[in-house]
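After this come two complexes, each holding subunit A, first together with subunit B and then together with subunit C.
So, the complex of A and B:
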């Protein structure tokens, strides 16, 4: 074996090891979700594979099944919360409604603004872009307390609509900047040719340029969906009874102990949509994460 | 423009930017700018905790803020947290990107797998690490016991000296892939010629990394540091889920402190002042950084 094959082999080994380290927490979490209680809460040793797999945790948290009889397993950490406290179906539905609506709203209105900022020259456009960028860097905590009061006065506190607006708000700067970078990729001559043929600005936008950046719009929407789906702090402050999935999971930690079976089941289920989506948008991921600053 | 007749004034037609920008602008003004001003206004009131009456006294909360040791502790924790996490993510991100930057079979799959931590909700990440840190059955804790690095009497998140590290590890796990992706994009965009010339002149790969790769990627690195750095300054999810600022106030960041004031003492004016201090910290630090490194979007 010569030295270059050896180096190549070493590189493969180290790369695979590192990727395994980054996958491990997710794999461990998913593994925990199918362990029986006795295997999760084993105080003597860490149980890795030697257990009887069970889907009970998914039945309770995702399918709304009855909570299992605690007397059969080691009941360490089993709270005495009422039935349905671990039913995550309502949260999944709420998260879906909020993520889909805020994604649609943010994408549509950002498309309009991004088109204008990419195509029209007007006074203050640079300043406007700076303002949008600064919105991306605004710490949510700085607007949350007044938002609680504003939402209370408008009757938006603890409603789906309220959280849709809040998530739209954090998604707009990101969506706008990414979409502008996609519009910038389309040559100005395309618009000029259409307008010479008599199209209005809006026709030009809707009929000509929009279809040209379909892929970019899809990537933007996927990123907005993920941001809304994983968002935590706004949901904690702005809602009480409506709980998005990340907030719901944290309620499974109680003073009497943590329900690790249920936490890992709902948590694993919450990761799956993101996994599917992120694999779909691999090509535009860097552009999305840097808000259009780096194109790949 | 062609002779298109319309009864609408020009600024209401699609030829003018106004209708295009109106929805975004109004939403951002009402729910983005107005709350910040409201917050500022709120911070000018002194709240009497017994009577719950608020009195206009502009300097009250701000002088209280400057004299509050917990604020200064929180600023210190925020900077320590952000500094260590940013350094680790940057160094690891660059190293892993160099490793995975290959066209050979299988590396594409590895790069795709590397992005998966990014879509885990941070609150769930906190849970994952809580499970692994658990002092009796946690897989990380037990491994550390076996290696004699840690003893069961001092749980990772329950001990003041290690709790912050526990949270940082979760952050580094989730966000190193972000750095890897950006660095990979930067590496892929590098021209080949300078590297070929350097190698003909006998430069080692370490030399060409230091003298060619790093300077050519400085803009991208600065951008990545800015985006990640600002997110680190606003850290809330991991701290809230994993330690709730504890033990004591060992992991209390500025954002977490604002949340504590809001939820536990319901002193909204003071909570607003602390929250605005976070905003101020982000603004000042990022402005200095942008000026210093000439970052451009």
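So, the complex of A and C:
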């Protein structure tokens, strides 16, 4: 065996090991979601594959089945707080509405701001970026109390709109930072060429520069979406009846026990929308869209 | 088409002044080249004409009409940038059609124009490709195509060839000149390459540090440089310049550089004892091997350092009393490094400059 084969063999081995480490929690989580409760809580040994797969956890959390209707096997005495307490459909819908809207809002606002910051010089434009970024220096928990009061007074507490605004607020600085660097990559001469061709400033932005940074916009949108989809602290404090998925899942940990089956089922299901979203935009997630504009 | 007039144009960035009260007239249909070293303000001037830079003071006029306040998009100019600045997400066809699309030109007309430009530039078979699928030269042609479909009043070129390799540059140079002869659109072209300037221009404008040093036809500037800077900037290999003292021998004025004596033109406006710069272009400095010439009058001794045959001629780099000089031999003599030679200036083409002002010393008539 020559050294290059050995190197590539080693490389593959290490890659596979790393992938295993990262995939293990998700795989275990997904596996738990289809285990009957007896397999989850087996005191004698760890049950890996030797169990009867069941989809009742999904039926209850994602399809709206009643817990009482399903044959739970040996009940380990989980208390329930009323019918539909484990129905995650409303949460998934709320999470989707909030994530999609806040992603769209944050991306659009950041695009306009980033273009201006990248292309225009105005008094204070240097410090402006730092100031906006400083909004992210504080952990959300530090701003949560004032935010709760402000939202209460504005009537935004426990509304979709409220949470959309809160998530947008948190997403804008990071989206702005990323998008500005993509705009900076497009040479100024491209704008100027378009202007000489007769384009207005907005036409430059919309017809020329925007399509050239499609990849950057897609990447930013993915990040915003993931943030909003997984965000917990703001959601838990700013809402009561609207429950986003992460908040909903925590309610499965009750005073009488934790519903691991439901937690893992809803958690696994919650990965799917994010996954679909990334699949949809991944075609645009390619670098080098500005290639060819200039001589590199 | 339009004439371009620049009157007392100033450009300041805060306290920093980069252009100082420039005056320039570009007649309708002319090809004018702004030439100068980097940082001389030539690109800034071009961008002010384009409307991409604000004007601190003075006026830019098209056909006598002030355009200072007219937005770039309304000046009816076309500009080709150094880095091409193509729209990377659009095909060649769409790149060229963009300006007409914005002006809502009829689709049929757009197609005709694009195909006309493509045929002139040899881009017919590339119309549906993206810029990234083209070579550097083809991209440069697309940038030019985008400019010519506009039917602009003025063409502006900002060092369009500096990113191309040497061979392509020569080819594109000819193409741009041909294009100008065909379209006869007023053209302002910025470059730091004096050969580009010499070969393409109807008129060359030489700039330094925000001032216009000299303007005129290429040959006029080549033959009659106003000052030392222009003399040394134009021409390749550059003009030889020797710091000399004027001495009088047997009633004749001669120029002495260290221990070497060079003849002065009879009409030289200098006096004995005066220190001057003695300028002579390589092709006007004739080399002969030491001892082979008939002891030419006014020749100086030098030692060959490097011999560079170029084909039609041989460039000799030699040391004349410690000063590097270049002379050109058009004979097939076997020159050897370290060989002593005698160089004789052609007195018709000697340029003298004042050491203080560096301005040309005009001869007595």
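Remarks
One rule holds for everything that comes next: the second predicted complex is superposed on the first by the 251 of 296 C-alpha atoms of A that agree within 3 Å, B and C clash if a C-alpha of one lies under 4 Å from a C-alpha of the other, contacts with A are read in each partner's own complex, and residues count from 1 in each chain.
Rule of thumb we're sticking to: a contact is a pair of C-beta atoms (placed from the backbone, for glycine too) under 8 Å apart; a residue touches a chain by one contact, two chains touch by 3 or more.
If you're wondering where the values come from, they're calculated on a predicted model, not measured in any experiment.
Judged by the touch definition given at the top, the superposed model places A:150 against subunit B, while subunit C stays out of reach.
Look at A:120: by the touch rule set out above, it reaches subunit B but stays clear of subunit C. When the two structures are aligned on the shared chain, A:16 is found in touch with subunit B, with no touch to subunit C. Judged by the touch definition given at the top, the superposed model places A:198 against both subunit B and subunit C. Once the two structures are superposed, subunit B and subunit C can be ranked by residues of subunit A touched, with B on top.
Contact with neither subunit B nor subunit C is seen for A:86 once the two complexes are overlaid on the shared chain. After overlaying the two complexes on the shared chain, residue contacts for A:236 are found with subunit B alone; subunit C is out of touch. When both complexes are overlaid on chain A, the residue A:211 reaches subunit C alone and has no touch with subunit B. Touch criterion met: A:29 reaches subunit B, while subunit C stays clear of it.
Across the superposed pair, subunit B and subunit C both touch subunit A at residues 195, 198, 200, 289-294. Every residue of subunit A that touches subunit B in the complex is listed here, in rising order: 8, 11-12, 14-16, 18-19, 22-23, 25-26, 28-29, 32, 40-43, 45-46, 109-110, 112-113, 115-117, 120, 122, 125, 128-129, 131-133, 135, 137-147, 149-150, 165-166, 168-169, 172, 176-177, 195, 198, 200-202, 205, 226, 229-233, 236-237, 245-247, 249-250, 253, 258, 260, 263-264, 267, 270-271, 274-275, 277-279, 282, 285-286, 289-294, 296.
For subunit A in complex with subunit C, the touching residues are 187, 189-190, 192-200, 203, 207-208, 211-212, 214, 288-295.
Against subunit A, in their complex, subunit C makes its touches with residues 50-52, 71-75, 77-79, 81-89, 98-99, 102-103, 130-134, 136, 139, 143, 146, 150, 163.
Residues of subunit B touching subunit A in their complex: 1-2, 4, 13-15, 17, 19-21, 23-25, 27-28, 31-32, 34-36, 38-39, 42, 96, 99-100, 102, 104, 106-107, 110, 112-125, 127-132, 136-139, 142, 173, 176-178, 181-182, 184-186, 188-189, 220, 223-224, 227, 230, 233-234, 236-237, 240-241, 255, 258-259, 262, 268, 271-272, 275-276, 278-279, 282, 286, 296-297.
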